[in-house]
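Chains: A, B, C and D, in written order; residue numbering restarts at 1 for each.
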């Protein structure tokens, strides 16, 4: 990915977010196509290193999408992911990438609308930044 | 071994109009290590599968990449197909070009489809085979707690052909069921239920009962737990494949709920049951009996169940006036609504309060004053005896056992973490289950359902001839492991333990049967010593690198 | 175990200004265990530095390596000998000892610390470490119920608490921290050895270890 | 000229001391004003040593000023800023200039002061400091060398009656008493019941030492609450904070003076302690009003 790319890397937990993306597709609900979904067994599988590597490789935004709190198949996966996203955000701020370009999203498997809104929000944030 | 990748694209019966499959095939063919790129219309149908099978057999490829519908639909069948062709199913990489590409966006998405395929190809290059193996598994089950639930579980397991050891702390089994006088509408009394169950257990050769015994230590993982059981001086250590907790509950009248200490007039449900069982022995039949319910906010169903049953029993046997003071009455579980109606019909008076009723003594009788919300006025009742609400609490030793086994408890201290996926009987550790009152919200009708659910899960786990497991799908590399214990502490399923390897060095070991494949350990390991095949760091990184790569 | 913490990126960047090619070196021992300088942290800092440099338009190329133990000369030489030739400077994610071992071996190249070595301690919880030993060279844990007042009492007092203890036996400086002397009192009381605390102790020999210390094994 | 503090302790049935706080600067004018105001109203004037770890004009310097004005100084020494060499040297110099009352303190931590990055010393602690002064009194230094010209200090220490838990404090307090002290000036006390309990225990431990209750002037509810949180060893009970809060706006200080006077009067009438040590922390000019309010 080169710098002026506007790709959003979305790490999607296969128990929730990945199914939500499928559902959005089945309902033919369209969302920005610069999202690239990477399937992970649990949001807890995503670490700070993966998020930073995504930005290093040119991603413009990263979404870590896991189950709702208290409904994680692996109990602490989503809460750990949330902490790591927060730490990644601080590390990115140190290098001048801020403005919420990395975000933790908690989804239940049927929240297609919420998924689309989160993707659109991130796409708009990147769009806004790109123009400046 | 040189990577050779076979790529299949499915255009879903040429319905994915916004993807130019031939252009994608053209681009993909130019990548290295690609043996072939086939376009099919129906990889999920007989015809498509046959074509794919002959293609794979013809070309000696060692990775398969398939761009089709969502893996949630096709992954399972494709893996089985590969297995049939003696190709390791882990060497499969899927791209979701239908639900998450063609159907999800307007206009032509050939570019995105190509990128998704390149991501899958990049990942395929790093895939490693994962072997499957059957592992020996101990088929014995440990049941902790010899109450009704524990005994029923043991009987159910023996019906499924599994031997159990039943450990009961008290000198005699039975637990709390004996405290109930009757279940309205059920002929057999709790007493009869208990004695028949006890008899069945005694006569059952598959069940070994250890009374006045306690579990002191449990090590190991599902399929190979080692429990040390203390019985007086005797120490027994035995191996089990799974564990069921049926440790029940205890009830206590909490001082802050009730200012007055229980005495002759203020009695517990158990005392009331004793009165009911021997009405003759009472010197004076109580004229009016009061019940107070749900004083503290969260209440469990047990007090309601015993109050309604006992109120009806009082009406039948003693014929005294019965008043029930309650803040709210949960009647949502089976048969409780009917019980409540019958009580009303038999003349039991229910009074609803908001603030806590004031309880005092007046010349040998109990005075209860409360503001009835429905009547909208103060009510004062003088009754001969008042049945105080008993709070349902986890029995002593719950905390010790749960920390010993590294399994969570819920906010009230009962077993089973508050997580929807564990419902109804699972713990976060594979092979450990909870039935009956030890989970907190006690409901008899569901206990029997819990027991069959737990025993069935154990049957599924232990009884197959060969217990197959993916060998080291998530693996700790001993030479990189620093034994820092982070993964052991972090694993939500307690599937990681320290072991001494051949070099006498202590390293972490992930137990394949107990591991639930979440990858939290792989992410947090500071030495990057844990590799999760299928979601390894280099595989995730390879997918990221393919994003936006110009050809 | 030696505990360390990563320096803020700003400080690391200012050290590296002017250098185009650096070697970033992790250590697989103490700093891995305390999540500060292991192989994973090397990856994270490397990503951060690359993002920072590409953001500011100057190119910074980073060679990555992780030594088994940075305080062992042989291990450092074996791992870094070739890589050092290709770089202008070395950024070490080892503790202070690691940084100096590398500096001693490759004297011609500047070596920068990416971590602050904080104390000798133990994990209090997962991801949380607390100081326990102040390496005073004259251990007196035998009479303090196994609680070291040299480091765990903020003023290192020897004859009991100062007058500033807060309500509930907390330390004058930090309401979250227990006063070491209250802890010592309770433990000795539990063991019935309070006489040890009641005894008067002469001023400590603070030169038990002539700094910088040196230990020579009898059979060295 | 004021009588020697040692005599005052022996002869008077109620000894009163207060503080002359050094300033942050070299001008001694303000300090001399306070000394003049207070020297004849109290039995001795304590001079704090970088109080609350805030750098100020040296304690020994202010003691010399007190001497020049004919007052009776008490040199406060903490273990925070000097090691055993410097403390012994200062003590020799103090004695040679007639300053022979010393209050041995551990000292506040660097973190509460205004030079938070300084290297704390704490070579000694307060109990060891008391032993050190005794060693000097016996004509030798800590290393056992004979002194050319001995010293004879009147030794004081502090105590924290309202510490929670109190037992560990009492263990340290016992060590101080065993070492031998002539007077004790306690941390601020407000709850006299607590003080009584403390006094009962102290009487059992040691008869000789005279105990002066520490009285810290409160100037308002907010300041009292602030001190509870941040000033080490001070615990202002809620009912006093409420009393201060009810005082109409702007009269917080006079309410504080009234409270201080009330406490001192009660301590004196009920003979709870052998005297009081008034700490007006930066408000030395109000001490006379406190003394009046206490009927002294």
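As a working rule, contacts are C-beta pairs under 8 Å (C-beta built on N, C-alpha and C of every residue); 3 or more make two chains touch, one makes a residue touch a chain.
Small disclaimer: the values here were computed from a predicted structure and weren't measured.
Peer 1: Could you tell me which pair, C-D or B-C, is linked by more C-beta pairs in contact?
Peer 2: C-D
Peer 1: With chain centres defined as C-alpha means, what is the inter-centre distance between chain B and chain C in Å?
Peer 2: 42
Peer 1: Averaged over CA atoms, how far is the centre of chain C from the centre of chain D? Could you give it in whole Å?
Peer 2: 39
Peer 1: In whole angstrom, how far does the Cα centroid of chain A sit from the Cα centroid of chain D?
Peer 2: Taking the average C-alpha coordinate of chain A and of chain D, the gap between them is 62 Å.
Peer 1: Just how far, in Å, is the C-alpha centre of chain B from the one of chain A?
Peer 2: Distance between chain centres: 29 Å.
Peer 1: Could you tell me which residues belong to chain A and also touch two or more other chains?
Peer 2: Within chain A, residues 47, 49, 53 contact more than one other chain.
Peer 1: Identify all positions of chain B at which a residue touches two or more other chains, and write them in rising order.
Peer 2: In chain B, residues 490 touch at least two other chains, as defined above.
Peer 1: List, in ascending order, every residue of chain C touching at least 2 other chains.
Peer 2: Expected reply: 40, 43.
Peer 1: Please give all chain pairs that are in touch with each other.
Peer 2: Every pair of chains meeting the touch criterion: A-B, A-C, B-C, C-D.
Peer 1: For the complex, which residues does chain D have touching chain C?
Peer 2: 79-80, 84, 105-109, 111-112, 120, 122-128, 131, 142, 158-160, 163-165, 167-169, 171-172, 174-175, 178-179, 187, 232-233, 235
Peer 1: Could you pull out which chain B residues touch chain C in their complex?
Peer 2: My answer: residues 480, 482, 484-486, 489-490, 525-528.
Peer 1: Give the list of chain C residues in touch with chain D in this complex.
Peer 2: My answer: residues 154-169, 172-173, 179, 181-182, 184-185, 189, 194, 197-198, 200-203, 206.
Peer 1: Enumerate the contact residues on chain B facing chain A in the complex.
Peer 2: 70-72, 96, 98-106, 109, 112, 115-116, 119, 408, 417-421, 428, 490, 492-493, 516-520, 522-524, 532, 535, 537, 540-541, 543-545, 547-549
Peer 1: Help me check something: in the complex, which residues belonging to chain C touch chain A?
Peer 2: Listed in rising order, the residues are 8-10, 40, 43-44, 47-48, 50-52, 54-56.
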